[in-house]
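Structures are listed in the sections that come next.
One chain, chain A, links the two complexes that follow: it is found with chain B in the first and with chain C in the second.
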Partner chain A sequence: MSRPNLKSVKREIADAFMEESKMLWQLLANGFVNGCLFALTAFGFALIYNTTRIFHIAHGAIYTAGAYLCYVFLVKLGWNMPLAIILALTLTALLGILTELLVYAPLERRGASLLVALLSSLGLYIALVNFIAMVFGNETKVLRPGVEATFHFGPIILTRIQFAQVITACVLLPLLLLLLRLTDWGKKIRALRDNPTLTEVMGVNTRVVRLFVFALGSALAGISAVLSALDIGMDPHIGMPALLIAAVALIIGGVGTFEGPIIGAFLLCILQSLVIWQVSARWMDAVTFGLLIFFLLFRPQGLLGQRRRLEEALT
Partner chain B sequence: MNYLWHILVMINIYIILALSFNLVAGYTGLLSLCHAAFYGIGAYATTLLMMKAGWGFFPSLLAAILLTGVLSLIIAVPSLRLRGDYFVLATLGFQIIVFTILYNWVSLTRGPYGIPGIPIPKVFGVEVNTVFRYFLFSGVIAGFCSLLLWMLKTSPFGRVLKAIREDEIAAAALGKNVSGLKVTAFAIAAGFAAVPGALFAGYMRYIDPTSFTLMESVFIIAIIIIGGAGNFIGPVVGAAFMVLLPEALRFLHIPDAIAANMRQIIYGLLLIILMRYRPQGLFGEYGFE
Partner chain C sequence: MQEAITNMAQTSKIGLQVERLRAGYGKKEILRGLSLKVGQGEIVALIGPNGAGKSTLLKVIAGLLRPWEGSVWLDGTEITALPVHQRVQKGLAYFIQGGEVFPSLTVRENLEMGALMFPKAKRQEAIEGVLSLFPALKENWHRRAGLLSGGQRQALALGMVLLKRPKVLLLDEPSAGLAPKLAHEILAKVRELNEHLGITVLLVEQRVREALQVAHRAVALVNGTFAAETNEPASWLVEGALDAFFFGRMERAAAS
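Showing the complex of A and B:
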């Protein structure tokens, strides 16, 4: 056995270091791509939560439904991709509207508490997800077979669909934020967020605005579900983790803001990548929810929230 | 015949779970999503004390009750000042963290492999080794727990909890230590949840973390919502209904493949319908309003 000379040891260390930094870059990139996906879900959830204050657990079921609707059109019926996706998203938005019409609006009219709405939402989640599982089975389904083409950016490798995920989020999210600021509907949504009673007094039909918010939020959940399903497939239970990450992202970013959940989703996903790198994927959930509890206790207004929103949220 | 006793054992276990959860949800009006975490901590603590320390069933159970009560303070003390959804979210976080620990602390809990070969409980030297005996055993314990909870309910402590539920500010104005009482109620309920955990472990003689998931917490909430919260009859009826429903579906000859989903769909729809038309549940007196 020959003694390893100093030079080769040095090179090995350097190589290992390169590998390590390469992996870090790749993990950060994966975190960013996941952040794009979850930012879409979180933005949809925030649209609904900020305006109606309903903790919309069924958002997770609608997310799942979006992926499965796309599966029906694309795989079962064999239609082409753009048509399948557009139809799936339209139906997902419709599902959101139905949820508001059949479940939340009656509770709102009765003046039921938000906990009652939360429990109804939980019931809807359970019923919808199990309906999907009953029809399609519990096993994983894929939207497209085969291996994806990849792109190399220095040390980072992205698949084509990951690339599409990034583009979609980077186009859609700034556009939506802009529309919320500039358009009439955006103004109505922000008014509803700030003060529902006053908005109604000013002659805005808040019921229609709520329907619009549910449609838009659900479609966003559908987009992110379809994009994720194109990459890693789907099973009936993908909705719950997506919903939980969206909710945590909203709390971290700041309830009552629309930029907050986006920032929260990116932070959370990059943090999860770092946890995978330094600890293990198995402790990811513990870190995510530890962070949630930390924020709830020490900074309940989130990163961007204002103190005023907190006091309103707590009364 | 064993089939019938088995169902009754499960009903006994869920009655204690539901009645203890009722102390938090029904009397104090706090919707907690981590009751299954306490159930799990109780099951694991009893099991580990019996198997690693060689203690008997009852000493292990008493230690597990104390441990669960104390551990519940970790989440209760900080999060009870949060209200509404924020409290629900904090307890949800705790539930998921406890599950992650049970699942990943392999050197202690054996993680996903679970713990097999849990010793059979002994009462005065007699092994509770048939299903019928276990039914009697769990029935006596469930009866004893119900009695304790009944005494708690009718005590001044129980009445103050209801006062807090109805109007927290008024209770505080009358000089009641609202947050202290809430924390106490939460810890007592958590301690009681350790009892069904121990019963479950001793009955199944095998536990793994999948019995103590978020969905199990949701199941406990569904018992309270469907039966009704805030009194005694509601949780008992809810527990019996929720345990019997899958058995009833079995007799309707619904194929096993869809029976599990069917059952969940029924729970879900029942939750929606009850929240809309009867938020206090079938027999309850409190509706989270």
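Showing the complex of A and C:
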């Protein structure tokens, strides 16, 4: 065969490689963007789980409610975006507070076990999601119709809303971690995580701290939900996958830690992205739970969790 | 005997008082109508066999366990219905059995938790005061409290409780698990604090001998009720002096 043909074959192979590596970068970026979103949900879930030990399944419903509240203000009532988002987040936080006030706190006062709290949480999830589906219908709703503006960073293309997702997470998460370390409220939250009885004996009103944790955790779920809904829209069932990723991120990152679930969420989302590339999108959930089982078997304390001294485990 | 307590209370001001307390876990009754008064600035040692209700009594006073009946008074005000944190604000501090600390917080952060009620500017000063009592804590300033040795942890726990500047201090086995020398030191510290700051102390201790040495008065509990008391705790140090209500009552309880 003549030489020009060989050249074109070579170019084709080179182009294919270029495409492939471009694709890899884009998928890694998508994983990172998703990681930003789910890190917010996971951090909120971890705040609540670490301090109260309640496996707050209703967090998923509160996530969904956040997106729908924004839909009501932005699309149904036609208010401007910042106002709609702020109102939606405030109400989401309030929803978290109500969950604690009306469900978990009374259960705790009666000395109910954590299993009872978990079942109540599941019930609350089902009730809330069904209520949302009843009012808004099961079909997908869009917050902003039309095509988004895009930004190019070398081989990576991000839409404007994806860019906003990254910025929000990259500002909020370090800030929250810093507040946990440096402020009195942060110390109270970490103290409650370590030992609720001692926190009370130190003169802290733990009920108020718990309310604060529920408000903050729920608002974070709301932020994550609104940012996601602005990008890909919503249906009443968006909460459950978000909750599952948050819970798995907490376990692989390290239960009891606050940095762990953030790292866990990024790891999970980037891995999912790579699976879409190499295998198929259908295997995403299998990978999530495969990773969960791997950690439960081989590193149950998670990435950042420390094996505790015996005395610590007792307290 | 019950009269003796009342008489004592009339002669000095009462720091802490419980009246006809009944409390327990589930359906199991632990405290059976217990009354007790502790005068201001007094150290009272509570002694009695395991299961007599000593720790339960402290839990009820601290507010961690709701009594079925009866009342708790601090400095003449009733606190029976108050939540734990409000009792602390009123000057009641509770050293939990085992010397609990926040394991993943550093020693500094633990002490800051103890000093929460001070305005930020005054916290350091208050913490310095505690560090002068337990200088070893300073060496571990940035260490996670969960990594401290048993004795250091106990000292930290006591330091955190003292930062509350309590009027009344409930101590549940402050020397448990410590070497005899350290145990002695901790109890000597308790006596020192009582003398210098006038803190009222209700002390539960497994080391009966040491407890009786630091206490002004001792009360024996058996089966959740008052069994005996003495204004000269040292008199109970005599061989066999305690047998009567430790073993005698227990046998009777077992028989009934």
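Convention: the second predicted complex is superposed on the first by the 304 of 315 C-alpha atoms of A that agree within 3 Å, B and C clash if a C-alpha of one lies under 4 Å from a C-alpha of the other, contacts with A are read in each partner's own complex, and residues count from 1 in each chain.
Here, a contact is a pair of C-beta atoms (placed from the backbone, for glycine too) under 8 Å apart; a residue touches a chain by one contact, two chains touch by 3 or more.
Just so it is clear, the structure is predicted and the values come from calculations on it, not from any experiment.
Chemist: I'd like to know which partner A:Val204 touches here: chain B for first, chain C for second, both or neither.
Modeler: second
Chemist: Is A:Gly256 in contact with chain B, with chain C, with both, or with neither (first, second, both, neither)?
Modeler: second
Chemist: On the A-aligned overlay, A:Leu297 touches which partner chain: chain B = first, chain C = second, or both, or neither?
Modeler: After superposition on chain A, A:Leu297 lies in contact with chain B alone.
Chemist: If we overlay the two complexes on their shared chain A, which of chain B and chain C does A:Phe151 touch? Say first, second, both or neither.
Modeler: Neither partner.
Chemist: See if chain A has more residues touched by chain B or by chain C, and give me that chain.
Modeler: Higher number of touched chain A residues: B.
Chemist: Looking at the overlay, what does A:Phe131 touch: chain B (first), chain C (second), both, or neither?
Modeler: A:Phe131 sits against chain B, while chain C stays out of touch.
Chemist: Going by the contact rule set out at the top, does A:Leu118 touch chain B (first), chain C (second), both, or neither?
Modeler: The first partner, chain B, only.
Chemist: Which chain A residues come up in both lists, the one for chain B and the one for chain C?
Modeler: 314
Chemist: Per the contact definition, I'd like the list of chain A residues that touch chain B in the complex.
Modeler: So the residues of chain A in touch with chain B come to 55, 103, 106-107, 112-120, 122-131, 133-134, 240, 244, 247, 251, 280, 282-283, 285-286, 289-290, 292-293, 296-297, 300, 313-314.
Chemist: What part of chain B is in contact with chain A in the complex they form?
Modeler: 31, 75, 78-79, 82-86, 88-90, 92-94, 96-97, 99-101, 103-104, 214, 218, 221, 225, 258, 261-262, 264-265, 267-272, 275-276, 279, 287-289
Chemist: Along chain A, where are the residues that touch chain C in the complex?
Modeler: Residues of chain A touching chain C: 184, 187-188, 190-191, 193-195, 197-206, 256, 308-309, 311-312, 314-315.
Chemist: State the interface residues of chain C toward chain A in the complex, per the touch definition above.
Modeler: Within the complex, chain C contacts chain A at residues 62, 64, 83-85, 88-89, 93-94, 96, 98, 100-105, 109, 112-114, 116-117, 146-147, 150, 153, 160, 164.
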